[in-house]
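One chain, chain A, appears in both complexes that follow, with chain B as partner in the first and chain C in the second.
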Partner chain A sequence: MSVFMDLNVNYTADKSQLQSLIETAAHLGFSTVAINYVFEPTEIPAPTAISELMDPLPIVQGRSRPIRVLNRLTIVMSDASHFRPTAVEYRRFDLLAVQPTTEKLFHAACMIYDVDIICISVTEKLPFFFKRAPVNGAIERGLVFEVSYSAAIRDSTRRRYTIANAVCLMETCKGKVRPLPVPPLDLRGPYDITNLGLLFGLSDGEAKEAVSSTCRSVVLHAETRKTASGIIYTVKSCSDSPPADCKSRLHPVSQSSGWLMVNE
Partner chain B sequence: MVRVKSRYLLCEVNVSDRSRLLLLDDRAVAATVKAAVARIHGDYGAALCSIRFSVKYLNAHTGIVFLRFPKKCYRLLWSALPFITCIETRGQKISCFLNCLHVGGTMRTCQKFLIRYNTQQLHRMLPKCKNEEEKQQVQKAILNCSLTGRNKEAFEVESESEEDEEEE
Partner chain C sequence: MSPDLERTPRNLLVSERSSFLDQKNRISSQLDQLHFNYKVCVLLPECSSAPSHLDSALNTFSSFYLIRKLPLYELLDTHFLETVRHGGVSGLSYRTRLDEDNCVALMPNGRLSLSLDKDSFELLGVEGKPSRFNHRTKSRFVVCVDLTDSSMAPGGRGYQRLVTGLTSRLPLKTDFLMSLPAGGGASVQALLSRYDWSEHRPEVSSCSLTDLLCPAPLTSDPPAPLTSDPHRLLEWLGAVHAAVSCENSSSSFLSSLVCPEPNKKLSHALRVSVCGLLSHQDVQKLIQEIRVYLSVSPPGSASWASVTLHGFVDSPVSWGGEEHGVLRGGDNFLSLMMFPDQSYLLHLATGAHDTCPP
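Right after this comes the complex of A and B.
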C-alpha cells in the first residue's frame, strides 16, 4: 500500500475551514498533509501548533493511524534578499519551499539554497526557460519541483498555462515533479491526481510516484535538513522543554542517498 | 464469443453540506460529465463519451455513482473528472467534486468493493456517534453486514444485479 501525501494546504485564518479541509484529506486517503504559509516580505508568519488546530486528528481512510499534519513555508522570491538561510523562524516549519520569479533566482535556488521544494508558478507564462544544468543539479541534491493544479481546475486560460509549464518542466527534468492542490474544495483524491499527472506527460508509474514516494522523499529530505550532516537527530523530550533538554538519538544513515532512517 | 468490455468507475460525490446531495439525479451527473469531457478534451472527447458512457447507479444518500466507460478510452475520460467543480440540477448548482474510489471491469466487482467500502465507513462512523441510540443503530447495521452468508448487503446499498453486458 502506498502512502499518499498532499503537501500544500493553504493556511486560512478560519479554523473550521482548515479543520474541514484536513478531514476531507483524511477521508480521501492522504496520510500526510502540510499546511502552507506563504511568506510576505514583511514578516514570517508563525505556524499554529497542530494540537491547537484540531484534536484528535481524523483517521486516514483505509488505515488505522491518524493523519499527520506538517507545517510548511513558501517564500515568494523576487529578490535574493528575501531568503535568509539562517533565520531562526524557519526552524519552526517542517518544510521549506521557494518560488523563484527570475532565472537567476531559479538557478540559485536549485544549486545553493537549502530548501526542499521549488514551486513553479502556473498563473502566468514563465519569463524564463528551464535549463538542464540547474534542474539536474537540483535533482541530485534531492530537491523536488512542484506544480499546482487547483488553478487548472478553475479557469480555462490558467489550465493552458498549467499544462504548458508542467509539460515544459517534464521535458527537462524527466519526472521528479509533484502536483499539488490549493484548496478550498480543490482537493482531489490521490488516484485523480495520478491521472492529472498523466495529462502532464508523466508515465503511469511516475505519476503515481509523484503523489506518493516523491512526497515521502521530500519529507525525509526536510528532516535531514534539520539535522547535523544527517547523523544526529534531536528530538524534544516533551513539548515545552527548551533545547538544552533535548535527547539525541543516533540513527544509521545510508550515505549514498543521504536519507535518514527514522523509526516512528 | 466476442465480448464488449467496459470499465466501471466507482465515484463518490463530495459536497460540503450533505443536504444538497439529495437533489442529485443521474441525468444531471451524466450531463455534467459530458460537459466536462467536452471542455477538457474537445470534440474528440465528446465523441468518445457518446459511445457507451452512462451513469449506471446513483445513490443520493451516500453520494456514490457508478459510471460506465468503454475500455479503450476510459483513462482519457477519467482524466477529465477532476475538473468537475459543480453539478447543476433542477436549476440549482451543487458545488462538489468527484473522487474515484475503484475501477472495475464488471458491475459485480464494483458492487463487492462498494459493500466492503460501506462496511468500512460504518466502522469509521461508530466512534463519532453522538448518542446511544445512534450507536445502537450503527452497531446493528454493522452486524447485519457480516452475519448471514447470503444477505451480504450493507444497509445503504440497494441490490444491483446487473451483470456485465455481453454483445449489445
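Right after this comes the complex of A and C.
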C-alpha cells in the first residue's frame, strides 16, 4: 500500500477556506491532496502557486512529514472541441481530468485523450452505459475512473443513484476506480472512504487501493505524461553498415518537452 | 452484484481455557510471543483502589527511550550490535504507519525487520520478500535480517551490503522507541549522545467505576463457565476499557453495545491502564501480582480479574515474529481473564492481515 491521497479538493477563491480544507485533510491522515480547478473549457485559469497558498504546509496526522499539495484541472466536456491537447494552460497543472457528458466523448476520453482521470458523475441517471471496450482501453493506458461519494453522504435519493451507478461502473471496470469527495464538509478519512468503497461493490483490498495505490499510479502517470514526449529507437539494418544506414523511428507519446532515446 | 455488507472485516480469535497450576500451560510463552506491547488494561471488580503490592507493580514498569530522527544505519553500529547480541534490546519505529510508511522493528532476539514500500525496497538493494498481504500489485516488501548471525558481523558481506544500503542508497531516518534490558542504558550512551533523545516512563491512569454491568457468570461464586460468545464478552470488555456506554439508550446513537445476558450490576470496579513500550518481564510480574491478589482476597469479593495486553498497531511483526499488516485495523491483542482457583480464560486476537496466534 502507499500513502493515502485525496485528489479532489475543490478550489475556492476564499484562501482561508482552502487552507482550512488542506488542514482538515492533513488532520484526517491524507499525505497528498490535489486542488481541483473545475472549469468550462473557454477560460482556463492559472493555478495559485502552492507556496503562496500556504506556507508552511501542515504535518500529516500520525506522520512526521508535511502534506503534499498538487494542482489539478478538470474539464467538463460537452463537445469534442472542449479538450485541446496542445493548450499551454494545461501544463501548469500537475493532474488533468475530463468529465465527459456524452457516450462519444466518453469513448474518445478512454481511447484517445491524453489525460489522467475520467470523472463519472454518479448523482443522476447517466445518458450512456459503460461499455467494456473503452473502459478496458482506458485501463490499459493507465487512466482511472473517478466516482464522487459526497452525494451519497448527504441525500438518500442521490445515495441510491450513486450506489447504483458506481456498482454498474465497478462491474465493467473491475475496480480500477478511485473515489473523490467534493465540498469541505464532505471530506472523510481514508478508512471511512474504504468502507464506502465496499458499498460500491469493491472488495476490502480494492477499496483501500482506491485511496492509496491507485492514486499513486495516477500521480506517476501524470508525471510521465508531463515529462516524456516520445521515444526514438534506432535499429541497425545490417552489421557492417555505417551509422547513416541505421533506421530510426519516432514514436510520439504526449505533447511536452523531451525525448527518450532507446538503442536496439 | 450486491456487496455482502453483513460480513465484518476478517479477524481471528483463539480461545483457550487452562490453569496456572497446570504444568503444560503455555501462558508464559504465549505472552512472550507478542513482542511489542503498547498498552496493558486491568479490570478489577469490587475494588475501588489498587492494593499496595499491585500498585507498586503498576508503577514500576521499566522506562524506555524515544530517539528522534535516528538514521537506521546506527542500528548497525559496532558497539550497539554488541549490546544487541547480548539480547533483550527491542525497538520500534514511532509515528510511522504500517500501510503507508517504512516501518522498522528490532526484536529482543536480534532480528531486524524492515517493512518497506516498493520504491524504498528497490533503492535499498537488500534481499527481501514481498509482503504476504499484498493485494494485486506488490507494493510492500519485508526485509528480515538476523543481527546475531555471522554474516552480519561487522565486516561481513551481509553487513556491508546493508550498511551501504542504509547510508548511501536509502538513508532512512525515523523516530525510534527503544527498550533495553536492566542496566543496559550505559552501553547505548554513545549512540544516544549523538541524537535528540528522551527517557519516558509508561503512563499509568486509573479510574474507579460505579454501577458497572458485568456478565453474571463471572460474579457467581464459584464463577460459572461463560456460555456467551467470546466475541460478545470481548466487546463488552473493550467497551468498559474505552469508557463506552453499554446502556444502549434509545436517545443515543453513538453506541448500541450491551453487556451479554445474563448480567449483574457491580457496585464498584477499578480500571487501570499503562501505556508505553512495555516489557514482557513487567507484564509477567503484573500478572503474578494479580494472581496473588485473587488468591488472598476474601471469598465473595474479587471473583475474577481481567488483563488485556495490546500490541502496537503499526508494528511490522506481531505474534511470534511473523509479519503483521493493517487492512482497516491492525489489532493484535491478548485478553486474560483470571479466577481465584488459578484457572484462566485466554483470548488471542488478530485482525485481517495477520497470522494465527499461537
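In this section, the second predicted complex is superposed on the first by the 226 of 264 C-alpha atoms of A that agree within 3 Å, B and C clash if a C-alpha of one lies under 4 Å from a C-alpha of the other, contacts with A are read in each partner's own complex, and residues count from 1 in each chain.
The rule is short, and it goes like this: contacts are C-beta pairs under 8 Å (C-beta built on N, C-alpha and C of every residue); 3 or more make two chains touch, one makes a residue touch a chain.
These numbers come from a predicted model, not from an experiment.
Participant: Could you tell me whether chain B and chain C fit or clash when both sit on chain A in the superposition?
Facilitator: clash
Participant: Which holds for A:Ser31: it touches chain B only (first), chain C only (second), both, or neither?
Facilitator: After superposition on chain A, A:Ser31 lies in contact with chain C alone.
Participant: Tell me the contact category for A:Val3 with respect to chain B and chain C: first, second, both or neither.
Facilitator: second
Participant: Per the contact definition in the header, classify A:Arg188: touching chain B only (first), chain C only (second), both, or neither.
Facilitator: In the superposition, A:Arg188 touches chain B alone.
Participant: Is A:Val167 touching the first partner chain B, the second partner chain C, both, or neither of them?
Facilitator: Once the two structures are laid over each other on A, A:Val167 reaches chain C alone.
Participant: Tell me which partner A:Ser78 touches in the superposition: chain B (first), chain C (second), both or neither.
Facilitator: The answer is neither, since A:Ser78 touches no partner chain.
Participant: Touch check for A:Leu198: first (chain B), second (chain C), both, or neither?
Facilitator: Both partners.
Participant: Can A:Thr157 be said to touch chain B (first), chain C (second), both, or neither?
Facilitator: A:Thr157 sits against neither chain B nor chain C.
Participant: Counting clashing C-alpha atoms after the superposition, which of 23-31, 149-157 or 257-265 on chain C is the one that bumps into chain B?
Facilitator: After superposing on chain A, the stretch of chain C hitting chain B is 257-265.
Participant: Overlap of the chain B and chain C footprints on chain A, residue-wise?
Facilitator: Comparing the two interfaces on chain A, one with chain B and one with chain C, the shared residues are 62, 191, 195, 198-199.
Participant: Quick check: in the complex, which residue numbers of chain C touch chain A?
Facilitator: Residues of chain C touching chain A: 1-3, 5, 9, 95-97, 99-101, 117-118, 135-137, 139-140, 175, 327-328, 352.
Participant: Using the touch definition up top, name the residues of chain B that touch chain A in the complex.
Facilitator: Touching chain A: residues 14, 16, 39, 75, 78-79, 81-83, 85, 95-101, 120, 124 of chain B.
Participant: Over in the complex, which chain A residues touch chain C? Could you list them?
Facilitator: For this pair, the touching residues of chain A are 1-4, 31, 62-64, 167, 170-171, 191, 194-195, 198-201, 204-206, 208-209, 212-213.
Participant: Quick one: in the complex, what on chain A touches chain B?
Facilitator: Touch residues, chain A against chain B: 20, 24, 27-28, 59, 61-62, 149, 152-154, 156, 159, 185-189, 191-193, 195-196, 198-199.
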